[in-house]
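Look at the two complexes coming up: chain A is in both, with chain B in one and chain C in the other.
Presenting the complex of A and B:
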């Protein structure tokens, strides 16, 4: 089902506003991640979609229907909580059957359906166990099965992978993607881990301090960050950020003077600093001094000094000695200028031929 | 060290640490228990010189043929069956309500806890007046519903009911606090999950609150059963040192008290104590067995 927020705001005690006039539409059948740092309001947004929390103002639509006034009972969404919230006193099978029991589905049908779902999430060999004796990954699968049991038109996942170890996390995010594609249910996935969001979703909504920063595909977020926050938040290693004053006249001939005058911050992705001339892709050249040079497996990281500021690059081909002078070629893709408010005014697709 | 092997020295040291409490427990608990078990078999006993000249089962035989003891057992069972379920249900209901209100919640909690810290004698005096046949509040209240005046404490038909009502009320305070702790320990997430799963308020209560509260319910009921089997001071205080009109509130402990302190029949008193011990043991074992299947930790 399509989910639409219209000017939705939320404040907890009437004075402190947590979410400010959110407007977005989540298309039917897609997997959308809500991504943001801790305390940005992403879980709160999910709670409002589920109906566990009511917005202070604004309207929420499921399809064409205004559900703002409906509570969680009436909205009938499926939800997986961060700590799974499986009923500790019920066996796995009973946990999955619980929503069906509440919907007064006949017992035999309930069982059949629950077993089918358990197979879908690969926990059909654990049906008689209590949640306490399952591993984190298994609990998570049961929680997904329970959320899917009543065939919700909307599946909400609140940081479902945060309690798992690194390897299992990667496995489970592929599982979630598989289950979502098999069932075709519109899924909203809350996470603070950009890696998770980038790998799993069709679209990503980045939230910060209660405002939507950007809502687009993962690729667009990386290639065309709409502002400095997105540029710094997305990408590993983090984008190099320096002030425009740190440049002497390296940019003068390559960027429009009008734009240069408005620019405040410069963002350079670590892979946009090449040690060889790339011809048409090169925007400008700068001279730096090598501070440190490290190699781990395939990775080569060089920390450079540029007019007293530090720059990191991952694109060095030759071996470097500390203290040596190094000319670098700034690539057009991965170079951004931001104005006083942090909005991007140069770089991204529009400036790459 | 955590992985230290027990040696003679370390065991001796541990014993030294335990000794102060051990001395008190042995003197005031273990020894009297053993002594009363032995005493229940005294059939010929000269208590002036502490000489036992004969052991046997005569005391138990006497109990099984004593109509007073039959009354005592019957009354004790009525009291337990009357008090425990009512205490559990009412204190759970009040705890649920107290858990809901935020306004002056501290004050209300204190008010409900007060009976627990008040002396039984004081409580009994207050209820004595409430139950008063001519001027009592309870009869006054009942008169609004057209109920004729009841002589609560003087009629053998109502004395046990009066005792049960007062005991339930007295027990509420502590059990409410226990239930409140239990309710607070239930993670809000379970209720949210249940709501998402389509459970209305009643289904949330039966499917989340009741099963997750079962350890506390178990504690409260075991505690209540043991406490109720041992009831004595409420009776003594409410009926001014008598076991109620025509023995209508005579319980096992009251019987024991009478045999021991007024009739000096130590053997019989001890035997009735042993019978009470096995009754409590039986019920508690049953409760433990039941809890294995229905209590979720």
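Presenting the complex of A and C:
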């Protein structure tokens, strides 16, 4: 089901606004991640989609239908809560069957379906236990099975993998992706783990302090961050950020003077600092001093001093000695300028929002 | 070594406490097996010369105890069930629903808990007599169909259930009504058992109120019926104690079976028995 927010704002207490005028459309059948730091309003957004929380202002649409006034019972979405919210008095099997019981599905059918779902999320050996005696990861999987039980046309997942170990996490995220693609259920997946978001989703919505920072594909987020927050939030290792004043005249002939005047911050991805000339891909050159140089297997990292600021590069080919001077070639891709407000004004593809 | 002494000391204190608590019950059992002169003998004796089991038979012949027993069971069951129903619904409203004047209403009800029960006897009696309910089962039952103490206790428990569970139930298609009966009540099982048992014991033992609002044999409950052994000529303690033993047996059985829940319920809600 397509989900649309039109100027949706929310305040819990009537004075402090948590979400400010959100506008977005999640296309039918896609998997969209909502990514953002803790407390930015991810869970709150999900609660409004599910109907558990009414927006303070604005409208929510499912397809063409305005569902703003409908409650959770009427909206019929599936949801996995951040803290699982399993029913403590019911066994695992009964937890998974609960939505089916509410939907008055016959008992035998309920059971059969619940067992199938339990197998899908690998908790079929725990059916007779109460949630209290399961590990966090098992509880989380039971919650996923319960959310899928009523075959919702919209599935909301609030950090559903946060308590799994690394291996199970990767396995489960592939599993979620597989289930999503098989059933075609529109899925909204909340996470604060960018790696998870990058791997699982068709599109990523990055939220910060109650505003949508950017809503696009993973590559676009990385290649064309719309602002400084996105540039710093997406990418591992983190982008180098320095002030425009830290440059003397290295950029003068390479960037439009008018843009240089407006620029405030410079973002340089670690892989955009090459130690050799790349010809047409090179934007400018700078001279740096090696502070530290590390080698782990094939990976070579160097921490450099540039006019008193630190820069990290991952693209060193030669062995370096600490304290040595090193000329670096700034690559066009991975070099950005941001203005006073943090908006990107140079670098990447200027046409992309 | 020090730990061991502490453990021994703890058990000594517990055993002493248990003995003190059990003393009246043992005295009741002992008296119920004595002859009439033995019951008033000084110094008191604990073990009668002949165990007079016939006291039990005679006690039951003295008054229509079967009728009293049926009355007690009926009144206790209806009162407890009714009170639980009204309290669960009210506690749900106070803990989960939003309605105009909720907090003020709650404070007013809380205030009624400060009023001693004895003060309510006369107004309640007057109300019932104007409703022509005096000397009916209605008089024994209706005033006890609501108890704010129970509402309050349940509300505290209901409120300790996380919001997320409520939301999950909503998402799963449960209405408020379904949530209450399929989720909230089963989760709060131990508190509900505790208040139920307290109410059953209270109803079963009630003496003052049934004595005041009934005056026919047919409506008497067990505690009131025990009066049969007290007359102007004095009290037949042996028969009274034999009959009392019958009266408390159901409560003892109830306690033995539900002990686990009662203790859990009471310690969790911090309410005093």
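Basically, the second predicted complex is superposed on the first by the 346 of 353 C-alpha atoms of A that agree within 3 Å, B and C clash if a C-alpha of one lies under 4 Å from a C-alpha of the other, contacts with A are read in each partner's own complex, and residues count from 1 in each chain.
Note that a residue touches a chain if its C-beta (ideal position, glycine included) is under 8 Å from a C-beta of that chain, and two chains touch if they have at least 3 such contacts.
Treat the numbers as computed from the prediction; the structure is a model and nothing was measured.
Peer 1: Quick check on the chain A-based superposition: chain B and chain C, clash or fit?
Peer 2: clash
Peer 1: Which partner does A:71 contact after superposing on A: first (chain B), second (chain C), both, neither?
Peer 2: Both: A:71 reaches chain B and chain C.
Peer 1: Of the partners chain B and chain C, which touch A:183 in the superposed model: first, second, both, neither?
Peer 2: Once the two structures are laid over each other on A, A:183 reaches no partner at all.
Peer 1: Under the stated touch criterion, which partner chain does A:88 make contact with: chain B (first), chain C (second), both, or neither?
Peer 2: In the superposition, A:88 touches chain B and chain C alike.
Peer 1: Taking the superposition as given, does A:153 touch the first partner, chain B, the second, chain C, both, or neither?
Peer 2: A:153 sits against neither chain B nor chain C.
Peer 1: Please work out whether A:241 is in contact with chain B alone, chain C alone, both, or neither, and reply first, second, both or neither.
Peer 2: A:241 contacts neither chain B nor chain C.
Peer 1: Examine A:56 and indicate which partner it touches, taking first as chain B and second as chain C; both and neither are also allowed.
Peer 2: neither
Peer 1: I'd like to know which partner A:98 touches here: chain B for first, chain C for second, both or neither.
Peer 2: A:98: touches chain B and chain C.
Peer 1: Could you pull out which residues of chain A sit against chain B in one structure and against chain C in the other?
Peer 2: 50, 52, 71-73, 76-79, 81, 83, 85-89, 98-99, 102-103, 146-147, 150
Peer 1: Which of the residues in chain A come into contact with chain B in the complex?
Peer 2: Contacts found on chain A: 50, 52, 71-73, 76-79, 81, 83, 85-89, 98-99, 102-103, 146-147, 150.
Peer 1: Which residues of chain B touch chain A in their complex?
Peer 2: It is residues 187, 189-190, 192-200, 203, 207-208, 211-212, 214, 296 of chain B that touch chain A.
Peer 1: Would you mind writing out the residues of chain A in touch with chain C in their complex?
Peer 2: 47, 50, 52, 71-73, 76-79, 81-83, 85-90, 98-99, 101-103, 146-147, 150
Peer 1: Name, in rising order, each residue of chain C that touches chain A in their complex.
Peer 2: Checking each residue of chain C against chain A gives 162, 164-165, 167-175, 178, 182-183, 186-187, 189.
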